[in-house]
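Everything below concerns the one structure shown next.
To keep things simple, chains are lettered A, B, C and D as they appear, and every chain counts its residues starting from 1.
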Amino acid sequence: MRKIVLSLVILLFSMSGAMAADPVKIGMITTLSTKAGYLGEDIRDGFKLAIDQGQGKLGNIPVELMVEDDGRKPEKGRQIAERFMKRDKAQILTGIVFSNVAMAVVPKIVRSGAFYVSPNAGPSKLAGKGCDKNYFNVAWQNDNLHEAVGQYVTEKKYNNVYLLAPNYPAGKDALAGFKRFYKGKVAGEVYTTLGQSDYAAELASLRAAKPDAVYFFLPGGMGINFIKQYAQAGLNETTPLFGPAFSFDERILKAVGDAAVGVVNGSQWSADLDTPENMAFVAAFRKAYGRTPTLYASQGYDAALLIGSALAAVKGDVSQSDAFRAALEKADFPTVRGAFKFGKNHHPVQDIYVREVIKDEQGNFTNRLLKKVFTDHADAYGPECSMK
Amino acid sequence: MLLFIEQLLNGLQLGVMLFLMSAGLTLVFGIMQVINLAHGSFYMIGAYVAATVAARSGSFLLGMAVALPVAAAVGMTVELTVLRRLYKRDHLDQVLATFGLIFFFNELTRIIWGRQPLFMDIPAWLGGAVELLPGVHYPVYRLAIILVGVLVALFLYLLFSRTRLGMQIRAGASNREMVAALGVNIRLLYTLVFGLGTMLAALAGIMAGPILAVEAGMGESILILTFVVIVIGGIGSVRGALIGALLVGMVDTMGRAFLPDVLRFVFSPATADTLGASLSSMSVYIFMAMVLTFKPAGLFPAHN
Amino acid sequence: MGCSRVLEADMTDLLLKADGLCKHFGALQVCNNLHLGVEKGELHGLIGPNGAGKTTVLNLISGLLTPDDGKLFLAGCDISRTSVHHRARLGLARAFQVTSLFNSSTVLENLSMAVQAHQGKGFHFWSNAARDRQILEPASAVMERMGLADRGNIPAGSLSHGERRQLEMGMALATQPAMLLLDEPMAGLGPGGSLKLSELISDLKGEITILLVEHDMQAVFSLADRISVLVQGEVVATDTPDAIRKNKLVQEAYLGGT
Amino acid sequence: MINRKAVINVLGLLIFLLLPPLTQLFGQEYLLSLFSRILIYGLAAASLDLILGYGGMVSLGHAVFMGIGGYSVGILAFHSYESTAFMSWPLLISGTENALLVWPVAVLAAAFFGLVTGAICLRTKGMHFIMITLAFAQMAYYFFVSLSTYGGSDGLSLYNRNTMPLFDLGSDVTFYYLCLGILLVFLLMGHRLMQSHFGRVISGCRENEQRVQVLGFASYRYKLACYTFAAAAAGLAGALLANQGEFVSPGLMHWTKSGEIMVMVLLGGMGTLTGPVLGAATLLLMEDFLAMYTEHWMVILGPFLIVVVLFAKRGLYGLLTGAGGRHD
């Protein structure tokens, strides 16, 4: 009984406290359950780190972060978005990991006048025809990282590359993105079943095609399976493997182990990117959560800082939506990626690098920056966007 | 031709993996008449425990030695607490309850081990590849999986044809009352069979661990294929499970390997790639639908 | 093939004719070149030692099994390969050895189903079946005839063994069949129950052609017009009860069997 | 007992009728869309109940019909935005957003798919039936995943809901009442259907199919008709869901979705028609509210399902009404 009274009292205090400070509510819809749950976890933790560093404030404005799990289901994401907007009157939403959830949720959010800042998914539709003045992507357009590797592979004079991706739109976009900058021959183009776990048959065909390099896009567990099996088949000794950063984040590397060492992958960020902001971020993240941040965490952190910069500009009054939007467009925040600005379709114009997977002195698997491939790179869909 | 042989091996290896899963499931179904959707969870538990122990100790075999009894113990606990009460109930009650078990176990692994997929490596002594025929290199570990499958099939054969326990199990499958009348402790028998089924699933999980991502929910993708196997083979028949598993393994592998190439004879490359990819995803299901259309009770129905 | 429901007008002498039926399960030959003729209007007994294949014969006739070889005619019409429900629609009804009822439905509902089947009312989606007088009246009539009038609202699953048998018979009757296949209706009944059922069957005699499979010899010999003896899947004799009693082959089969 | 059941039903109806004003009163309008989804899933679950609870046909592929209904809406709307034709040969079909055209198309498409696959599936029984229905659903799933014109696994987003004369479907309240109306009509129809001559035969097939055949019913045809009808209703549910969420994706046909619908039926109590609606409400509300309190909500939901199986044999509806499911 005493416990109940006590918690009631605490609740009342916290409520009255909340009223006094009147924090800006930010709704985070993200994927915490399912196999992909760690992606949402990292985005959330990165975002939270920024808030914690500001002692509950972003851009010196008190904020309240609400997080809910969409279970990777579009309809659930939508349900949560509605709750955040209607019940909690949140005007800023963020957090969605997957393109299919984003496609279902984002149009609803921005059409109702709220803002959405994407810390991960960047489907081409939202960058092109479906762009919106209230939609900002602070991560990348889906094709970007593939484009960088395509460019790098061409520079390295690989001329007969084998391509592999799951049979779904993001998979096809990925290979299209790669081919946009890759100028050589295609030794084979294979689309696998979404969610497939065994790649023995594909690897056998791949070996038979004798390519001089392999590019693959297999997000999540599929990638873990593929990289392990690729190495087990002995292919990593003969044919170099390339991929986007999605299959080489620090948490996947932990699950893949030695099999990934030496693989070159494209990313807009790396833990060893030598800027003061990034060094501070990586150190703080390690201290707070006891693990090396992934690119998802960096994107979550950047999303928080971007929102903070705009909040500061309107002094926490999001209802001044034009001013808030203008502030977001400026992208005036200390990004951990070195340089960052928005294109007219509110997608990033940023540098993109290739990294190499290494085993560091402590025996941890991580990425080392290799080369900057693109400077101020924008996505290919901007021209389709009607915004000015 | 060499490629074809390699793909045959791949199909065989996938079939063996499926056999390990489906043998346990079909036993449990044949004998207790229980539809156990949570079978995939034991596969996952096997992989998680083995990965954890192997990571700590550095020994794959120790991981296996710990994971098998742990999974069996979990399985038997589930049998004693939940499934035992469902034997006489409608299949649908079993579906609902074991669906609940899937939720529970998936989330529990996430709570215990976190969201991060675990790492599990091939033991050094099974690493690398051997040259089976000139030009056909095959990973040793995958050969080891095939070997394990053959051993398990042999073990089950001996168990059922040579041992008293095996005969009791077989008799229990065909006539429950009769076996009970003979004074066999049917409850104990059920628990043991369930433990055995669980252990086979866990073994599949352990063997898959070094090849696949060890992650929560890994059981469901193979679970459905397992059900496909036992339905094609004929429910309750271990022999049917073996043949069904090999067929499904072959159909799936061959579809993935050669379908796009075959379609290129008819369609443009781009169309062939897309169509081939879609068709090969469906190949197993199309195969099952065809088998059931012509043999509605599967290839080897256990009971007439 | 032009087969329609058996009517009085188109009846030939033999209502049912089996012509060389064969059926085997694996290596076991359960029905071996079987010939059987049931005349219109008679009560035909089918007896034989255990395992002679009596139930198999009924399954072949009603269509639950398909013969490996041989033909089956109902009123001159080849029904060897037609489906169960088609044969039923032609006027072939069956009462099972192990009663086969809708256990959670009431007696009246069970009988209504049968009447409904006879009337061909299946694809009526909207009218309430429980209030259909065209069905209720004949169903109640059968219920009365079977001596179940006061049990109408009891679920079939809660009836006594004897009552279930009566209901089973009633189900077959309610379809107003041209021919009734009875599979050991007396099995498991006490003397009282047997007597009651015998009365019911003799009451039907002449009205419906009946093929009766029964273990209770006394009942068969007193009820049947003619009797066929089945031994190892073959009919070894068909004759009047008196003649069968004296038949050497029959005596051998039975004495040899015990 | 009848009284108690009637009281529960009326109470349930009242709650559903009064929800929109209540949510407005308490400023919780967002709940309305959750409850619209409950009504739609209730419709899908009740339609599954027709074949599963009454007909004894355990289908693990019912969600595929929702998917087909949903995609009918999505695809036609897509062509309407793009001003292109869905089909130009043999007859011209252009895109449209008119609900009075689209929804019947959705129903017919689902019914047709049900008819064709049902004709094959119904040759099998028991576990085999479960698996072959699943097989067809998986085929459809992979088909739509790879169908890049219509978004593949990302799905299709609608700009707005379908249009209908007299009703503004864009209004959440109107849409909610429309769903409620459709659900009620369906429950009424289902109830009558199961009491009709046809329903008798279907229930007979569940209990003793051989007997049904021996009586002279071609049980296969009855089951196929019932399966097709259930598919059509699920197709309508899919069309509604696509409108409610303004979105369709192949995820709608994944086997786990079919499993969820089945869980709704079992949870609520099969063979009751209203029970599955209760089941849908329970499952969706639990999912939603548990997720607000813990990320690990599944660790609670799982054992809850097991407890229901073990202790409420006839589902929640049976527990509430005190009467059994099914027939007695």
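Just a few scattered comments:
The definition used in the following text is that contacts are C-beta pairs under 8 Å (C-beta built on N, C-alpha and C of every residue); 3 or more make two chains touch, one makes a residue touch a chain.
Predicted, not measured: the structure shown is a model, and the values here were computed from it.
The minimum number of touch steps separating chain A from chain D is 1. Shared contact partners of chain A and chain C are D. Summarising the inter-chain layout, the chain whose CA centre lies farthest from the centre of chain A is C. Here the chain at the heart of the structure, going by C-alpha means, is D. As a whole-number value, the distance joining the C-alpha centres of chain A and chain B reads 35 Å.
As a whole-number value, the distance joining the C-alpha centres of chain B and chain D reads 32 Å. Rounded to whole angstrom units, the spacing between the C-alpha centres of chain B and chain C is 48. We define each chain's centre as the mean of its Cα atoms; on that basis chain C and chain D are separated by 43 Å. Those residues of chain C in touch with two or more other chains do not exist in this structure. Looking at chain A, one finds that residues 32-33, 167, 191, 193-194 touch two or more other chains. For chain D, residues touching at least two other chains, in rising order: 142, 145-146, 148, 297-298. Chain pairs that touch one another, listed by label: A-B, A-D, B-D, C-D. Every residue of chain D that touches chain C in the complex is listed here, in rising order: 192-193, 195-201, 203-204, 207-208, 210-219, 222, 225, 326-328. Across the complex, chain A is touched by residues 27-30, 33-34, 37, 142, 145-146, 148, 151-155, 157, 159, 241, 245-247, 249, 251, 287-288, 291-292, 295, 297-298 of chain D. On the chain D side of its complex with chain B, the touching residues are 52, 58, 120, 123-128, 131-132, 134-136, 138-139, 142-143, 145-146, 148, 255-256, 259, 262-263, 266-267, 270, 296-299, 301-306, 308-310, 313. Interface of chain A with chain D (complex): residues 32-33, 68-69, 71, 73-76, 78-79, 82-83, 85-87, 99-100, 103-104, 107-108, 123, 125, 130, 167-170, 172, 191, 193-194.
Chain C meets chain D in the complex at residues 62, 64, 83-86, 88-89, 93-94, 96, 100-105, 109, 112-114, 116-118, 121-130, 132, 135, 155, 171, 175.
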